[in-house]
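Structures given as structure tokens follow.
Shared between the two complexes below is chain A, which pairs with chain B and chain C, respectively.
And now, the complex of A and B:
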């Protein structure tokens, strides 16, 4: 779990120290420790049931940990009620106040703090600008807004009190693909512009990759890996993380011997010494048709399926090592039913321990 | 076009029933209220004499007690029903059904039976309440039976379930994440109640409140059984006009006034109600 080495460490905004949450006998969170830096976009990724929503609710003060401490800039806020915390959350359901107008939603946090009406109104218009909604939205009922507009209202509402940290609980999951992509970029830009610390949770690693400075992968109530998107993608810590990153081919490695292909890795391969027993992670884009003289690991495959992904095609292949997945440029002439020789360069592959 | 005719056809039985059972009695009562005092005929000689009497000859007290009693009872029931409903909602699936059944059960028992039971409870001296307090704590209380307090307790006791169930429905209309969101945005518990919970549960509160209010205006058993002679409620006054006093036009005029006053409260409240929202959930 190496951080970006060499740079001066940024101040810690939020420090999670052994946070646990138990529901009866079920451990939803198991001693999660993590330092989230000032002004970073940190995303927690995990499958449903991994405890990420429980963790976020504890960070926002909506739930209490059964053990552990939560520090905001060094001050213990574990027991602080949510309305006293200088943080705000964008909910998965958005939780907009449907009985109020857009303006009243956005101004809610300021009204609760007793700010005068004129100030609230001015701030609301400012925020509508920030999330790119027209000023005429101020008087509009929330119920008349589209999905994307509601998203923006929720964001403006959370930003109203100028929170030090913003939490996001999969707010984009209900939107269609294009809108989601647009908002991912906008959210990232907003975070850059405001310089606030964003803590985002999602089950989509793709979403996390686009937006985050750092990603934490969660499984069974614990953080299994923390790193930059590039680190997570290139050097997954174990098979779970590797699989979570999308389609991968995983081959058992036994003292430099690839069991499935009954082939030894070429001499001098870095994994010969680094890992004795483990698994080799081969991304679909690393598999491609080869000539015998190309070297590397080679084997015969039969193409079973061809899926078009726009600029690329995804091939399902039958091999001695079972079903494999490869990705090639869309220009590839391969069709289902063909038998070809495929291979990969083991030097590019990544190895995870058993 | 055809479908519209079919709709009218389906509507006909109910329309007929309402016409005979609801509209015509009101028309007759309205007509009687405009007849000469103490007459028994429906003629075309109209007079407002009964209404003048209603405002000049001491009917303020029954009006005051009925409307005031209804208002205070409704308010009390709402104040009691809110926390009860919140607790029952939180307990959903864990004993809430049992508690709900216990609260609902008395509805199936005749109201006068229940009120006589209550009079045993409130009786001075050997009554359950007074007797228990004296035996266990050596505290002597005066009589609650035959006082205005007794009437009030009876009204609250009888009408509480009618408020509780709509309020329970209203509480179920509050999505829990809205409360979380409000807390997260800096609202105190009191602010959450005022800004989020009450407005979202409003349909249930309005229906419960209206039910209690309208039922209380028409209630007379509580005053008769628990109140002794301390208060004369409106329905009692109307009944006396029709029976002992043999003054139908006066009774009819008072009836029309009650209906008008009820309408003044009911229609504005109903207009604010989004029934669709209540049913869709």
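And now, the complex of A and C:
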């Protein structure tokens, strides 16, 4: 396939049209509209309580929207019960059937469809291969599997009925860092290999960045920004999205005037015309020690903390604009307590509206 | 643990078991006498009381009445308790915590008072007491306990398993059969056993609510109090052996089922 993404529109797998879900007076989902493309790895990112699990449950049919429609390849499936949908979900708790063996878990969907035993068994072994578990796992009780193994069992179980769309509800959140990283890559490879549409939810933007074709950021029951990982990272739509992506410095911008530093942006800066009132987002790696002749926005800071992050160090700085975060190469000689002149190039920064 | 400590532990265990079983053993010994008055050791050892017990039609009737009451109580309690436990373990609704407390309250009510209250109630609404009213009375007291036993099982598992089953293509009926019931079954069995045993041995509620029918504990109590004979002890021993046998049959049945289920996968 040639890479024409962005030009030729791909067919839409799942179309969300104004989905809302109200619990009493609480609006968990507020008119979410979104088209998820065929064969896409789409990740919904949001803090807890943003409504992302509610949304996923509606997509899987485990909950009903109070308003809106859900189309699967153009067919309305809003009212279709979950057992009739050609979709499968990997749950946050994994929800493995703990009174059954690995094999029985994996074969469950086929058993419910009345497939003969021999076929189920053959398919289960095929799936164990796919998720890189040995055939001897087939007879093992799921209660004897480790965290990573249980993860693979859940994945194999969801894949058994060959679903058109797979949903993932933060399945990796309980695992340790290294295992999570391994599984993220494997999941991405699996998605590429099977060509299925994956809809993934997580509170970790980092996780989303690694795996996704596109990311949707969710807040208070609504989607606030949709884009590729590069778009979201480079051009966050507002302060919420910017903050969500990790440590950032945010400065109030008032008609080209940085209030916190009482400095005007250099004349001709693109934000002078683009945004009149807003906030300037400065990533930690953009802040560094400067000489007066370097230009840009400059100010004095006192280093309060130095954290080693392996190849880089993270500095906490005290400034007129309050506490700032900077990231420098690990070779930086700066130590806590030193006062130095720091600055950044406003042309590289990103601005978000008020 | 060293040898001496282990020896002491064994001794301690032996003492406790002896203290538990000695009274029961003494009933067995009493049943082997042929006099109305307890004197030990017996001058004549006799199995005559057992012959009398087995020849009396009353022995069978008493057992059947108690069995009938206990079986109906256990079946109904398990069914109702499952629904009740689901209501407070699964769903969040206004009044849930009040319901939870109300459900357990009858346990704290002294049984003789509860029995009398129920009798007054039955009379007031014009129901003639019989073994059926005893079933109702037993359930008032047994149901809370069975509800608690089953709800422990319900609290102990991830309801997402049911969602997962639905998502993987199971109908509601299949979810119940494949996921919910297999998970609840240990709770249902122990709840049922509790119900059976509590009803089988209940005296204070039966005394007031059985009317013309008589359960085994009622008969034993009245005969011990007023008209003792070795046949009373003999019937008590028969009743004990019968319940032990019933328990063994249930356990053996469960074992058999488990081993047959586990045939495909080693446990």
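What we mean here is this: the second predicted complex is superposed on the first by the 348 of 354 C-alpha atoms of A that agree within 3 Å, B and C clash if a C-alpha of one lies under 4 Å from a C-alpha of the other, contacts with A are read in each partner's own complex, and residues count from 1 in each chain.
The criterion applied here is as follows: a residue touches a chain if its C-beta (ideal position, glycine included) is under 8 Å from a C-beta of that chain, and two chains touch if they have at least 3 such contacts.
Just so it is clear, the model here is predicted, and its values are computed rather than measured.
Visitor: Just from the overlay, do chain B and chain C fit on chain A, or is there a clash?
Guide: Clash: chain B and chain C overlap once superposed on chain A.
Visitor: Touching A:112 in the superposition: chain B (first), chain C (second), both, neither?
Guide: Touch status of A:112: both partners.
Visitor: Would you check which partner chain A:243 touches, where first means chain B only, second means chain C only, and both and neither mean what they say?
Guide: neither
Visitor: After the superposition on A, what does A:62 contact: first (chain B), second (chain C), both or neither?
Guide: A:62: touches chain B and chain C.
Visitor: Would you check which partner chain A:255 touches, where first means chain B only, second means chain C only, and both and neither mean what they say?
Guide: A:255: touches no partner chain.
Visitor: Have a look at where A:82 lands relative to chain B and chain C in the superposition and call it first, second, both or neither.
Guide: both
Visitor: Chain B or chain C: which reaches more residues on chain A?
Guide: Counting contacted residues of chain A, the larger count belongs to C.
Visitor: Touching A:97, do we find chain B (first), chain C (second), both, or neither?
Guide: Both partners.
Visitor: Quick check for you: in the superposed arrangement, does A:141 touch first (chain B), second (chain C), both or neither?
Guide: second
Visitor: Between chain B and chain C, which residues of chain A are contacted by each of them?
Guide: On chain A, the residues that contact chain B in one structure and chain C in the other are 60-62, 81-83, 85, 87-89, 91, 93, 95-97, 99, 108-109, 112-113, 157-158, 160-161.
Visitor: What residues on chain A touch chain C, complex-wise?
Guide: 57, 60-62, 81-83, 85, 87-89, 91-93, 95-99, 101, 103-104, 108-109, 112-113, 139-141, 157-158, 160-161
Visitor: In their shared complex, at which residues does chain C touch chain A?
Guide: Going through chain C, the ones touching chain A are 157-158, 160-161, 163-171, 174, 178-179, 182-183, 264-267.
Visitor: In their shared complex, at which residues does chain B touch chain A?
Guide: That would be residues 175, 177-178, 180-188, 191, 195-196, 199-200 of chain B.
Visitor: Would you tell me which residues of chain A are touching chain B in their complex?
Guide: 60-62, 81-85, 87-89, 91, 93, 95-97, 99, 108-109, 111-113, 157-158, 160-161
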